[in-house]
Every structure is written in C-alpha cells, then in structure tokens.
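First chain written, first letter: the chains are A, B, C and D, and each begins at residue 1.
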Amino acid sequence: MSRSNDTWILAAQCPSRLGTVDVVTRFLKERGCYITEQQSFDDRLGERFFIRTEFRPLASDFDAEAFQADFATRAFEFEMDFELTPPERRTPVVIMVSKADHCLHDLLYRHRTGQLPLDIRAVISNHPDLESLVTGHGLPYHHFPVTPETKAAQEARVLEVIEATGAELVILARYMQVLSSEMCTRLSGRAINIHHSLLPGFKGAKPYHQAYEKGVKLVGATAHYINDDLDEGPIITQGVEPVSHADYPEDLVAKGRDIECLTLAKAVSLHLERRVFLHSKRTVVFKR
Amino acid sequence: MSRSNDTWILAAQCPSRLGTVDVVTRFLKERGCYITEQQSFDDRLGERFFIRTEFRPLASDFDAEAFQADFATRAFEFEMDFELTPPERRTPVVIMVSKADHCLHDLLYRHRTGQLPLDIRAVISNHPDLESLVTGHGLPYHHFPVTPETKAAQEARVLEVIEATGAELVILARYMQVLSSEMCTRLSGRAINIHHSLLPGFKGAKPYHQAYEKGVKLVGATAHYINDDLDEGPIITQGVEPVSHADYPEDLVAKGRDIECLTLAKAVSLHLERRVFLHSKRTVVFKR
Amino acid sequence: MSRSNDTWILAAQCPSRLGTVDVVTRFLKERGCYITEQQSFDDRLGERFFIRTEFRPLASDFDAEAFQADFATRAFEFEMDFELTPPERRTPVVIMVSKADHCLHDLLYRHRTGQLPLDIRAVISNHPDLESLVTGHGLPYHHFPVTPETKAAQEARVLEVIEATGAELVILARYMQVLSSEMCTRLSGRAINIHHSLLPGFKGAKPYHQAYEKGVKLVGATAHYINDDLDEGPIITQGVEPVSHADYPEDLVAKGRDIECLTLAKAVSLHLERRVFLHSKRTVVFKR
Amino acid sequence: MSRSNDTWILAAQCPSRLGTVDVVTRFLKERGCYITEQQSFDDRLGERFFIRTEFRPLASDFDAEAFQADFATRAFEFEMDFELTPPERRTPVVIMVSKADHCLHDLLYRHRTGQLPLDIRAVISNHPDLESLVTGHGLPYHHFPVTPETKAAQEARVLEVIEATGAELVILARYMQVLSSEMCTRLSGRAINIHHSLLPGFKGAKPYHQAYEKGVKLVGATAHYINDDLDEGPIITQGVEPVSHADYPEDLVAKGRDIECLTLAKAVSLHLERRVFLHSKRTVVFKR
C-alpha cells in the first residue's frame, strides 16, 4: 500500500552463490533506478537465494522492455528467475467459490475500494447461490455444477475460463470441492486456497467439528498455494483466534469467518505485492 | 490474583438438571456467604453442568468442615462433585523435568514471588543437570535416570515420591520421557504437561523440526492434562507465536521457549485457581 | 451466537449486598427456568453487583410479562436495574456515518447474514456519498449536511429520527462530526462509537497521523459508549495491530480499517447479547 | 539467533541518495563477502536511508580493520554512519533497577543461557534489595541511594560506572527514578527503558492505576530509547495484553510483568542484533 504510484518491483530467486545481491543492485544503479525498499534472504538449508526490490526509475523515459531484456542476460548467468512488476498493475484473477459468501464478499469489497489491486476476470462456482452478488458488481459468474460424473468435464471448463480470461492467479475463496490431482498440478503455484484450520492440524472436511471434538483453545485459518497434495501446499500465512468451551461447532464456524477473510486477504495482498516466493514445499515471505 | 485474602472457592460439576445453580447459590446465601464472582456453564452436548464460585464468609467464625459436610448432603442429590478451596492455600506439587530449564526456571520464579500459590514438594528428573538450580531454591531434587530396562522401576519411584509428598498435582515442565500407559492412567487428570506444538498439529518428537518442514507461519504450545493417550489429553490452554522463513529449526526451538513458559504458567495458574473443569476429553475453563 | 433459539437473557445490576445472586437464581428456579450460562461479578471498589443469565423456560407457556412484573417486585428491594431479552430479538438501531464506508459495509454484511441481530431503522450521514450503498440494502438514508451554522438544527433532526424510529442504540460507524455536549448527554450510554486509536492514546482528529509522528509500533481502535466527554466514554473493547517504520500515515489508516471494523462489530455484538454493563466511567463485560 | 557463528553485521544509515544500496553491496562483493540476509529502507518523508546486511567473509583471512578503513572511505562520500559487528560479540552493558526484580531476573536468565549476547559489566540500583540476586550471578552490584539532595551526585556516580566499565548500552529494567534532563541527554540513544504502558497512553507514575481508572481493555508495555524528553523517546517495540473489569489495579500490575519482561527482552535483542536504527524521534526496526 505504501508503494507510491511510480514504484516498480523486481522479484527474483536463484541458487545460492556469491554476488547474487550485487547482480541486482548494480544493475539498478547503472540504470538510474532509485531503490526504496529491499529485502533478500539466502536459505542455507535450501541453498537458494531470494530478493525483492522496490525501485523508482529516475529517468522519465524508463524503458521497461529494454530493462527486462538486459537484466535477463545477467540473470541467465545466475540461473535467476525474475519478474518485473510495473506500478499500479492489477493482476488478472479468477475467484472460485461454493455457497459461503464471506470471503468473496470481503475480496469484492477490497477490490472495489482498491485495497487489493485485482482485475477480477470471472467468478466460478459449483452452486448458483452467489450469482447476484457477483453480477451486481458487474462481474461474470460461471455456474459449473459438479457431480461425480461431471467432475472431470467441469474442471476442464474451469481451466478454459482461466485460460480464456488470462487469469494469472486463481483464488479459492472457500471452494468446497476437492480438486483432482491433475487440476492441482495444473494450478500448482498459481492458486491460493484458504483452509479453515491451522494446517496441518485439521485436514479434510469439517475442521471446526474436529477442533470441537479435540477441545482446542485456538482455531485458525491457513492460506496456502495449491500443489499436488491438497491441504499440504506451501503455506503463505496463518491466522488464529481464541475460543472457549462455550463455543459449539457452529460457533467455531462463525468465529472462523473473520479470520478466514483476513487471512485470505492478507495472503492475496502479499502475493500481489510480489512478497511471496515459492520454492519446493515452503515459501519465503518478505513482510513489511 | 485479584482474590482477596479472605476469599474461598467452591468448584463443582454434575449432570445437567434444573436447579443446579440454585443448589449452590441458595446454600451460600443461607450460610451468609458473600459471592464475589461466579460463573456457570451447562454443556448442552455433553449434558453436564459446571460452576465456580468465589465467596467471602461474612461470619468471623466460618466453619469450613461443617460447610463441607452440609453441602455434601445437598450435592449428593445432584450427583455433584465439588471441591472447597480455602484462601491462600498452596497446592502441593511435584515438578518433573529433563535437561531444558526454561519452564522450571519460570515456575520457580513465580513460586518464589508468590504469583503461583504452589507448595513444591520435589523436583524429579531423568537427568542430573538441573540439580543445583533446584537445591539452590532449597527444594529436594530426585535424579531417576531412565533406560529401557529401568523405565518401569523408575516410574514406580516417581509414583512413590508423588505419594510420599502428598502432591496433588504433577507438572511436566518439559519432561522428555514418554510415560507408560499405566503411568498416564495413574496420573490422569492430576498431571499437566506442556507440549511444544499446537496440538494436535505436531505430535511426538521434535515438533519444531516438523513445523519447519511444513513451513508453518505460526508455532505454539499446548498445556494439557495427561490421560491414557499421550499428546491427546484434554487441552487447558494454548499459546502461539508468529515465525518466518528466516527461522531455522533451532530458531523455532528458541522462539518457542517463551511461549512454552507462558502457556504452562497460565495453565497451572488456571488449575490452581480452580478455573479448569475436566470432563471426558475436554475442559471447561472459566477465565476472568 | 451459541444461544439456541429458545434462550432468554436476564441482565441486572445493583448495589453490592448479600443475596444478590440468590435473588436471581432462586426466582429462575421457582419459575422452572433452566440456566444455561451465568456470570456475576461484585466490584469491590465500585461496590456494585452485575449479573447476566441465559436461561430456557421449561414450560411451553412461559409468560414473559408476568415474569417481568414479578421479578420487578424482588428487584425493587435490591434497587436492582434489570432487562429481560427474548430469544431472537433484533435490537432497533440507527447507524451514523460520514464518507468512510468500511465499518458500515461490515455492519450491513453482518446484519444481512444474521451474525448481528440488528433491526436497522435508518442510516444518517452528514454526506451524500453512501446513499446508494444503504438504499441498495433497502434501508432509509438521511442526508443531514452539517455546517457550523446548521449544526444544532441538524442534531435536532438526528434526534428526531432516533425517536421516530424507536432506535434503542445508535452506532457511530466512523461519523466524523464532533457531537455537541447536549447531544452526547442525550445519547449517553445508548450510543457506541468507534475511535481509531487506542484511547486514551491519541484523542481528537487524525489519530493515525499522531501515531506516525510518535513512531508507535502498534495501532488500534477503541469501541466505547458516548458520554458527555467525547473520547472519554466507557470503553467496551479494544483491538490492536502491529505496524512498522515502513507504514506511512496513509498505510496506518489503511491497516486500521480492518481492526476498526472488527472492534466495532465485536462491541455491538457484546452489547446486543447484553454482555456489557455500564456503571459510572467503566464497563463490566462478560465474555464467553 | 539464526545467525551462524561466522556471520558479521554491517549496519548503516545516511541521507537519501541514488546508489546507497550499491555502495554497500558492491563493496561486499569485491571483498568476497557472502550476503546471507539484507534489508534496506529509504524513508521518503525523513529523506533518510537505512541498511542492515548480514554477511560471511569467504576468505579465511578476513581483515576486519582493513574492511572498516576501506569502507569508511566510501561511506564518507555518502555521509554514511556505519557499524561493523563481528560474530559472537557480546555487547558490554550496565543494567539499572530499583526494587522490582522481574525484568532483571529475566535478563539474567537470557544472559546466562546465551539467548542475549550481553556482557553485563554492572548492575546499579537505588535500593539494596536485589544485591544477592546479582552477586549470586557473579556480577558487581552498586547501591547508589537517591534523595532529592544526593540525586545529582548519584547520577554522576552512575555515569562514572558506565564510563569505567566501557558499557555501550544502559538497560533501565524498571528503574523507578526520573532521570535528570542532563542524564537523559548524556544517555540519549544509548539507553533502553521499559515503560509499563502503551506510550503515549499513560505517561508518568502508576500507569496501571491510570489504566484501571480509564477502564481500558488492553494494557501494554513500551521499550524505547531514552532521549531528553522522558517517556517520549523513540519507541523500539511494544507489547500488549487483554484485561477485563475483574482486574483490579494490583492485577494489572501483575499481568503487566510478563509483557514488560518480554517487551524489554525483545527490544534488547533487536538492539544487540543491530536491527534498530535511530533517527530523530523515530526508529527503523528490521525484523526477521
């Protein structure tokens, strides 16, 4: 949020090696780019380097394409993956929901007020319930009902929408269908899911009922990337709320809603600001 | 803590039934007992009633024994279990430790300053390391080393100490031996353990290393009563701490220490103030 | 929330005196009312007693009027103020806003989903901006612009709406006008305000800018009743969020929005569940 | 903590200007220094740049003096203040206390276990109470009683101890004397104080009693550097704890102890790891 309107982001990762920071900062210096915020981390167990830089080009005729092409040459030498994000870019997304509307409602609000720089291309649901909420925001709503027989076909339609709309990110805002492992693989690293428990605490269905049975004194939510093993994808952020003996399962569900909204919104915000780096089964998250 | 020096506690539980609150409050009224704080809860799923009352006898010649005997008669009718705790009573305890001293150190400090009304009768360890810390506080230290061969014999010695000292509560302050199921059954509901994870998240050994592998963004600790299934005993309280990608397993261990100390101390405090009620696999905790 | 659909609430306060709990619980017992949850507190400094009881009448022909009349007789003897709240009652409210919509948006969502048992009779604003949001929910919107000259007249119109609609509670959901002291007195104890700081930390205007100047590492919000001294009314609940040097004033404003929404919603929920007792300059809040 | 044993820290600040990051990272690259973690921030309102770099010299014969001298030349051009901290350095400190021992006890424990890399040169108190605790740890204890008449003389003796011991940091661990403004100026930026409130909420004496009067629902503690205006020095970190109506002033004092210990320890840790940068009335804190 604090990014001013002329600030670019360069996010990169590569194998650990001497000179990884220098290759980025020297390039920016040479191009007259003013660094306003920078974080880097070298993971000594994973032997991998991560860096995120916010900068402001001082020249009025900053040529992003030339920047990208020239930096690619240097990055190549370090086997560095990088992404350059312009100021005020809105990331194209598709949101998937079922019947519960709290996370969707929250995302739509943050979208509308500009808190989250989203370009929502479509909302997909396996139920018709939330159509008017979505179309009321002037957004397309796709209702793809799922039965055991139609599941594969419907996932294909979901992928079509994602492709056709050019969505770079899929947000599973309480989509209650288990995705096939093919689908998970296809969306790996490009889809954020909100799971209503402190993973790996209560995997699978009805986590609040599981939590009640165990008599836990804290409930929480986990926002994570999808990978091939559902409920085991790399965690982006987690939120937590105290509960008591007087909270019945339906109370835990209700109490959980706020923390689900906040945790998902935070994860999406971190992702959109290119603060999250995915590597193997873990994430590096450069918070402010 | 806010209890003034003349305040008694009556804690009780019984099957759900009309008149459960009245049987307590009417009795106190009749005896001229002034109620300063009261909480009750009727668990509609468990069909069980819990009540905790702090009161001050107005008469200077309050006869606790008569109170106890007379109330027992009424309680009997409701199948009510109750406990009457006098002002400023210190609960006799035995503490068990291994090598890590942070929880013990914290408990000894709170004991010495009167924050926790403990009467520490003995400290038992399977290692010699913490002897001078304990004896320096003028407390007896028992070193009972454990090997697979001696385990049963050593557990018998532990039970002997507990019995001989009249300890009503056993505090497992990072005791790193798995207790036998006989031992667990013997101590069921009378022993509080601190587990260094957000149970049921990471059971068993090295939970912080498990947490690192999963890349969680929160670590925590769970204080629970021992029952026959280790790591599954009824939870009293849980604490949590944010962590990041930059925390290696040894950092998680270090960060976890503070939250372990605080969570254990809080659970012990709640127990000593008779705020925790154990029923089946869950607890009712009346916080202030 | 956990209240089942047949649960009544009896909330009462009176001067400290022997038998205050008994007068409530005995009455309920006599009437065949089953107590599901009860909390009482006797404030030894303020010498005042507070009690909140949830109960379920066992008889199918529960006569609330008779209950009320008969209990009034007993309460009179103890100078006890009490309120009886039926199951599923929706409290009539008027909401006041200015231009910022986040708290209003949040309240409307919780209203629509039934999380908050509100009966919103009107929304009043000194600006026209939020009209379509409100009328889109089928609720009346009153735009009463305020200038130094019209202030008194406009406050009179606000009071008219409150009276005409029978609102029992006024929610100031980021209403940015300073109320006159007459208005404050009129609404004393019947209006909840959200102040965007950890009162008494940063009173007055632009608290987030004040917080930035001081370089605080936590920002927060305070929900409180209005009384004659604005920003000094009795506090109901407070929320807090960590911030850093990288948060400029506009970031603090943005970060504060979520905590303002949550803190106000929590305070309103506590109020509606009759968990908040107002006495002098402080509140007693019986949380679950 | 995660710093491995061969990691140096370079911390620097200077006026905002193009090339500030590059001047650091290029130098490190040229010297064969491997950067493991780096954070920088350019404050656009304060127009000041801050950077903290952890690095590991790859050469076995790293010459710190040459590094320091050579870097000074480059830093000079940028008006850059910098500090180079070797691995495993223990910062020499003097701790000041009065009668309350909780913060001191906590610091001594973290000192003894190596959690805080402190070299405690002396403990100074205006009371004799904590002498045995300190000398029991083999540390010198200076008892300098303070009366209005002797205040100036005693402050002079304190400064003598600080100078004679070579202490670089003074930790005011609940030292209950108001320092003279000369003393504050002398210690400006070199002394960390723990104030038992969420500054600027309750300045001055008895903050918990002030908090009780106001009926706040959160209490907290603030660790800050001393400057010439006591209770207004730049804030390093703040902690917070929920409280209720049932907490009398003495309960708030008791509840506050844990948060005071944790907040002070955290601030000291951040300072020792060179994560805190002081500029004007605010701090920049690079957390992990």
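One rule holds in what follows: a contact is a pair of C-beta atoms (placed from the backbone, for glycine too) under 8 Å apart; a residue touches a chain by one contact, two chains touch by 3 or more.
The structure displayed is predicted, hence computed values, not measured ones.
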* **Farthest chain (mean CA position) relative to chain B** => A
* Turn needed to bring chain B onto chain C - CA fit, degrees, nearest 5 -> 180
* To do: Provide the C-alpha centroid distance between chain A and chain D, rounded to the nearest whole angstrom.
  => 36
* Measuring from the mean C-alpha position of chain C to the mean C-alpha position of chain D, what distance in angstrom results? -> 41
* Asked: Residues of chain B that touch two or more other chains: which are they?
  -> 37, 41, 44, 244, 246, 248
* Residues of chain B defined as touching chain D within the complex -> 1-2, 37, 101-102, 105, 109, 113, 115, 244, 246-248, 250-251, 254-255, 257-258, 262, 288
* Sites on chain A touched by chain B in the complex -> 41, 43-45, 198-202, 213-218, 220, 232, 234-238, 240, 244-246, 248, 281-285, 287
* Parts of chain A lying in touch with chain D, wherever the complex brings them together -> 4, 18-22, 25-26, 28-29, 32, 34-42, 44, 58
